[in-house]
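Below you'll find the structure, written out as structure tokens, and then a few comments.
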Amino acid sequence: MQAVFFWLFSALAVGCALGVVFKKNPVVSAVFLMGSMLALACLFLLLDAHFIAVIQVLVYAGAVMVLFSFIIMILNLPQEELPPLALGGTRAWGVAFGAVALLFLAGKFFPTKEGFMPTSRGFGDVRSIAVPLFREYALAFELTSLVLLVGIVGAVLLAKRKV
Amino acid sequence: MEIFLQEGLVLLKAALWAVALSLVMALVAGFLTYLERKVAGHMQARLGPNRVGPYGLLQFVADGVKLFLKEDLIPSDADAPLFRFGPYLVFVGSFAVFAVLPFGERIVATDLNIGLFYVLAITSIETVGLLMAGWASNNKWALLGAMRSAAQSISYEIPVGVSFLIPIVLAGSMSLQGIIHAQAGGFGLLGWNVFHNPFSLAAFFVGCTAMVAEINRTPFDLPEAESELVAGYNTEYSGMRFAFFFLAEYANIFVISMIAAAIFLGGWQLPSPFKDILPFGLVGSFVLLAKAAVLVFIVLWLRWTLPRVRVDQLMEVCWKYLTPMALVCLMGTAVWMWAFPGRIFFGLFGTA
Amino acid sequence: MDFRVGLVAVEVALSLLALLFILLGAWQRPNTSPTGAWAVAVLALIALGGFSLSSSGIDGVARSFYGLVVSDRLGAFLGLFSLISGLLVLFMSPAYLSREGIHKAEYYGLVFLSLVGGFFMFKAASLLTLFLGLEVLSMPLYVLCGLKRNFGKSPEAGLKYFYLGAFFSAVMLYGISFLYGALGTVNLEGLAALAISSNRHGLMCAFGLALLLCGLAFKAGLAPFHAWVPDVYEGAPTTITAFMATFVKVAAFGALIRILFSLPPDILPVLKPFGWLVAVLTMFAGNLGALYQTNIKRLLAFSSIAHAGYLLVGLLSFNALGQQGVLYYLLAYTFMNVGAFAVVIAFGQRGEENVTLDDLRGMGLRHPFLGVAMALFILSMIGIPPTAGFVGKYYLFAAALSAGMPVLAVIGVLNSVISLGYYLRVLVALFMMPEARAVIIPPKGFGAKVAVAACAVLVLWFGCFVSSPIAAFQGAFSQSMLQPGTIARLP
Amino acid sequence: MYTVVPLLILFVLSSVTAIVFVLANRLLGPQAMTPSKLEPFECGVEVYGPVRQPLHVRFYLVALLFVLFDVESVFFFPWAVILKDLGLVAGVEMLAFLLFLVGALAYAWKKGALEWD
Amino acid sequence: MQPFELTDLGAGTKEMMLNMGPQHPSTHGVIKFVLRMDGEVVAALDPDVGFLHRSIEKIAEKLSYPDFMPYTDRVDYVAAMNCNFGYARVVEKLMKMEVPKRAEYIRVIVAELNRISSHLVSVGTFGNDIGAVTPFLYAIRDRELINDLLEMLCGARLTYNFVRIGGVAFDLPDTFKEKAIAFLDTLEPKLKEFNTLLSENRIFRERLAGVCVISKEDAVAYGVTGPNLRGSGVDWDLRRDEPYSVYPEVSFEVPVGGGLVGKVGDAFDRYWVRIKEMQESAKIVRQCLEQIPEGPIMAKIPRVLKPPAGDAFDRTEAPRGELGYYLVSDGSSKPQRLKIRTGSFAAVSIIPKIAPGWMIADIVALIGSLDIIAPEIDR
């Protein structure tokens, strides 16, 4: 039963990602982006990682999506005349190389028949993430506050009209 | 074979719960529309609906039928797929929170161990739905209203998130049932999170204000400020799609009252000994629904007394008053937990 | 609770100061220059430099924060180099920033935060700390590059650097996740168990390592990923260009050293050919690119790519001589580059007008002090004997020869000869050409002159007195965390 | 896995009910799509000037501040859950984290990024 | 139809053309405002009036003097009595006719009652614009009592057609006095209840403090009159400064805006002046009811009125400002020309000057505080 869901959601995620790339209208591609993020969240649910799944929904499907929608609305790109990317040769090369690499890696890393390891009881709950976050990886936790500080300072410095 | 039976059972139970919840939501949302008009009536020295059914109780059924029969327009130069998708997202967003609401000690659809966090995540999806609806209807008023309502609900999500933290800190777990279980001390009343310490009392008010603002209700109902932006993001909607926004708004009122009652007012804890007279802790669920009803009445009461706040005042309240206050309450609770481990405020004097 | 905060004292001090400067920036009245903040910043850097100089003599390896951070001699030296380059950049900043009208205290805050990021990169004992250090290093740089909002090229530089930076850190993270999948741990000790082979596990390791090294190569500006360097260096404010050219290279090579020297020796036959190719490509890309440049900042940008190539030559020799060479050359490179950019600032006017070569015509005679200093830096970049650049290059190419890669050494020397082409054009413009401009605006900025003088003296000092620093660098690797069974232990 | 199935079924069921409602409305309700009715509502006057105007940059600033503070509140949740067990150590760590967060908020406040001008 | 072209503001953001069009909840009646918006703030505003023009003044030239009276009700249907009062006075002035004392008293009583009901409507809808829905219902409920009183008097609830040239149509029924006194006694506590609900509400005050301030000079320059003028601190009331009818015989104060919450002349001051005026009008009606003499209610006027050729101008203090009638007669039974000057028309003219720099919510508050209604502007 899990395998069915797994293939369903991963296909959904990849499909939505392709939708993002190929759709002309920026707002519709934003919706596809949200679709792929929600599909990823479901994949996390399959792995019983509830906390990560909800973070994925909250931060990506919620906050980042709203940011993208605002940006799209602020830029107000006319849907039809998005400038066509004049890549020509490099696009063909890129697609070819990407396809080869994909096939090669897929062949090597195809999930073997073990399937999903049964997870222990209460594997995905918050405590199993919270304790290491504040003990082993406390330093990483403090570094993220620096990154967020720079993010806010940068946003204010660059975005505010009259700083 | 046994595995399939077990899985089948789970699926069946889940399907039953889903159907039950959809009924509960439709009923609650509808009844709230009636309740709001009745309360408004009596507050404004008039009667409110009393024609359809006894005391107008079937008014919302009549509204529902009317909405089924009304024409569902899609403006010509609107962005049709998005125009249709927006209301779905808003409806599903407000519907999904029902899965986590604890209606009783053992009556809950899914007791996720990340209950409260899940609620915060789902409300942020609704915002994207609003934005899409506003953008797709290709109308100046709708766009301005959608942007404003999105800006409002995302900025109020910060104080809501931080004030959700206080009960989690006190209970040490995020699941709503866990939080309610942790409020059991002090004769069932003094153990409530609201009375746990002065900071959590302040957090109750900060949290409720932020939650009211999050679902765009007065005094923060700016986006659909009739007097300014005509009808905000649902200017171009009519028929059933307009009903989705309508249902979502009233379902949200019920949801925030249930959550506030569950995490701050002790959920189905009740201060009297005869707790288990009825089976399945039904007494508890009645108590919880009573608390939620009180909060719902307060939210409705707000709508019919307070005027509306202006946009910049709205943002200022959020970023300059609610967020700092919520952070102070959080830190205060943390220090309280460290200073008096596990003791509630009244426990300092008495025995509890 | 393995929280020995002492080991990260410098980083904690830097980040607290950064927060202080950012808040000072908020309360700073418009169009006044925060000289108070500048003074505090300079004093702080001098104090921290002294502290890390004294602690660079420690021997033995101390790991803290549950194996996330290591403090050893290698880390101390690289920290010292970063603080020096930060200090020199701070000397140049006030004159340039107030001239361009972007003199804000947040600038110092962001420079300090980027320093903290660099520290965690080359003191990382786990890939997690390395990645986070990279993020903390590059986020402030994205903002700093785009600081001159009105000058067209600066936002372009900021955005370009941001998009590519974000992309390559994602690539790096993808590589780390593969390594974690294969090795089961993110610590650098775990890398010792890395085995490249055709089976699934081996391929995951290879794929992960390749992506990881690509991410770092982008940061160091090595060949296939160097396209961003000229545009970003030209668009960014010149002080930030100097800072990025020197400090980011130190941090990136520090991280490369940490990773490469933790790999098992049997990886070498696979790793060396790729390294060889990248080194050659980088050197040629840098030098050939620089030949056609008229803008002095783009010329210095291409020359910094070339220097990255020379450094890689020393790194790939994997022997004691190479390690000394890399450290020595990093030091020499910092002084040359910061000095050259300081001279560019001194000559430059508001809005980056005369940054092209023919603007500099005759300025060498008009301002002898700056002219001579620039000549000295150019000579050191070419690698003429009395300067530190020569000593560095000598050690690098000697290491390549002794490690059995004579072709690489020859190509290195050949590239130095090619670099004569564009370096001499600068000298010719400075001294032999008649002045092109009617009005001569005297160069302002006392701080820039101090930086130029300091760099000139240090370039000469390290050109002549070589023995003591070389001895100090000798111990850098033996006393570092790189334990037996890895490449570091090779003769 | 089993705690999650009700969620998925709930999502599916809610979207199905939504679709059924709309279809019912389309069948039962009248369908008179006259051109004038499809005009966007502009207070009774025909629309002129571009409708989808690029909007003010302040919306972007609010969204960006929200993303950053949202990520910070995500770090608060695990901290809140284990505060009871880890006690003082987690408190000190969170104090350092909060120091930078409050610093950033104060900076944004003083720089006027929070005003809605 | 492009009132102004859209200048772009740099950084890619262009201005937005917004229509607070005829069919908009916050414009009282059918008025269209075209706003040029810079993001949230109004850059320029162009009122487009005339949707409710019935050319009353032209009709006056086709009707005999008494027959025109019902039309004056439609000039300002919220305060119809004051309009009748004004028209009757200008005709009497032209014909130099004496009006019996009792008629004058009755006219003042109904005019002041109508002022109270008009202010109740304006204050109620103003609260509604700011978002408080309930006070509007309370105001309408109190207004009903006045409507009952006037209905008892002249049978109509909105357009009364009660005042006649030379007097009034009907005499006060005997139960009118106690009923009026009873109403006036209930008015005071009702107003107090209204104030606690709305005026002392912190959000209401926060929304109106210092918003859309009209300075004294602007108010006078643009010819703004009535409560809007007094809200800006100018102490000018026709009933006291150019006393007419029986106003000299009653004593009342004239409330003037004093910057109670924000600055002098802000939206709150104009609102507060109207609240205070209601209390004053109640006092006036109470005194009139005491002092009303016995006697005829109608002077003898010829069946066909033919005022002597010439012109006359007379202005009275209507709830929305100075209501001036200028009548030119050529001696025939129909006026040769009638010009009506109303307070709302001047108030609309000042909006484009005050609006720039404020947000949409403040513009709505400005329109509400100026108490503008379409019929008075377009006539």
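Order of writing sets the labels: A, B, C, D and E. Residues in every chain begin at 1.
The rule is simple: contacts are C-beta pairs under 8 Å (C-beta built on N, C-alpha and C of every residue); 3 or more make two chains touch, one makes a residue touch a chain.
Owing to the predicted nature of the structure, the values given are computational and were not obtained by experimental measurement.
Least step count on the touch graph, subunit A to subunit D: 1.
Among the remaining chains, those touching subunit B and also subunit C are A, D. Across the assembly, the mean Cα position most removed from that of subunit D is the one of E.
Here the two chains linked by the largest count of contacting C-beta pairs are B-D. Of all chains present, the one whose mean CA position sits nearest the global mean of protein CA atoms is D. Ranked by separation of Cα centres from subunit A, the top chain is E.
Spacing of subunit A relative to subunit C, judged by their CA centroids, is 32 angstrom. If you average the Cα atoms of subunit B and of subunit D, the two centres end up 15 Å apart.
With centres defined as mean CA coordinates, subunit D is found 41 Å away from subunit C.
Between subunit A and subunit B, the centres computed from C-alpha atoms are 28 Å apart. Multi-chain contact residues of subunit D (touching two or more other chains): 3-4, 7, 42-43, 52-57, 59, 63, 65-66, 70, 77, 81-82, 85, 89, 99-100, 103-105, 107, 111, 116-117.
Annotation for subunit A: residues 50-51, 55, 58, 62-63, 66, 70, 73, 75, 126, 135, 138, 144, 146, 149, 151, 153, 161 touch two or more other chains.
The multi-chain contact residues of subunit E, meaning those touching 2 or more other chains, are 11-12, 16, 19, 24, 40.
The part of subunit C that touches subunit D in the complex is made up of residues 1, 15, 19, 22-23, 25-27. Interface residues of subunit C, counted against subunit A in their complex, comprise 1, 3, 8, 15, 18-19, 22, 65-66, 68-69, 104, 106, 109-110, 113, 116-117, 120, 128-129, 132-133, 135-136, 139-140, 142-143, 146-147, 149, 155, 158, 200, 203-204, 207. In the complex of the two chains, the subunit D residues touching subunit C come out as 89, 99-100, 103-104, 106-107, 110-111.
If you check the complex, the residues on subunit B that touch subunit A are 7, 79, 81-82, 85, 112-114, 117-118, 120-122, 124-125, 127-128, 131-132, 135-136, 143, 147, 150, 154, 157, 173-174. By the touch rule above, subunit A contacts subunit B in their complex via residues 1, 25, 27-28, 31, 34, 50-51, 54-55, 57-58, 61-63, 65-66, 69-70, 73, 122, 125-126.
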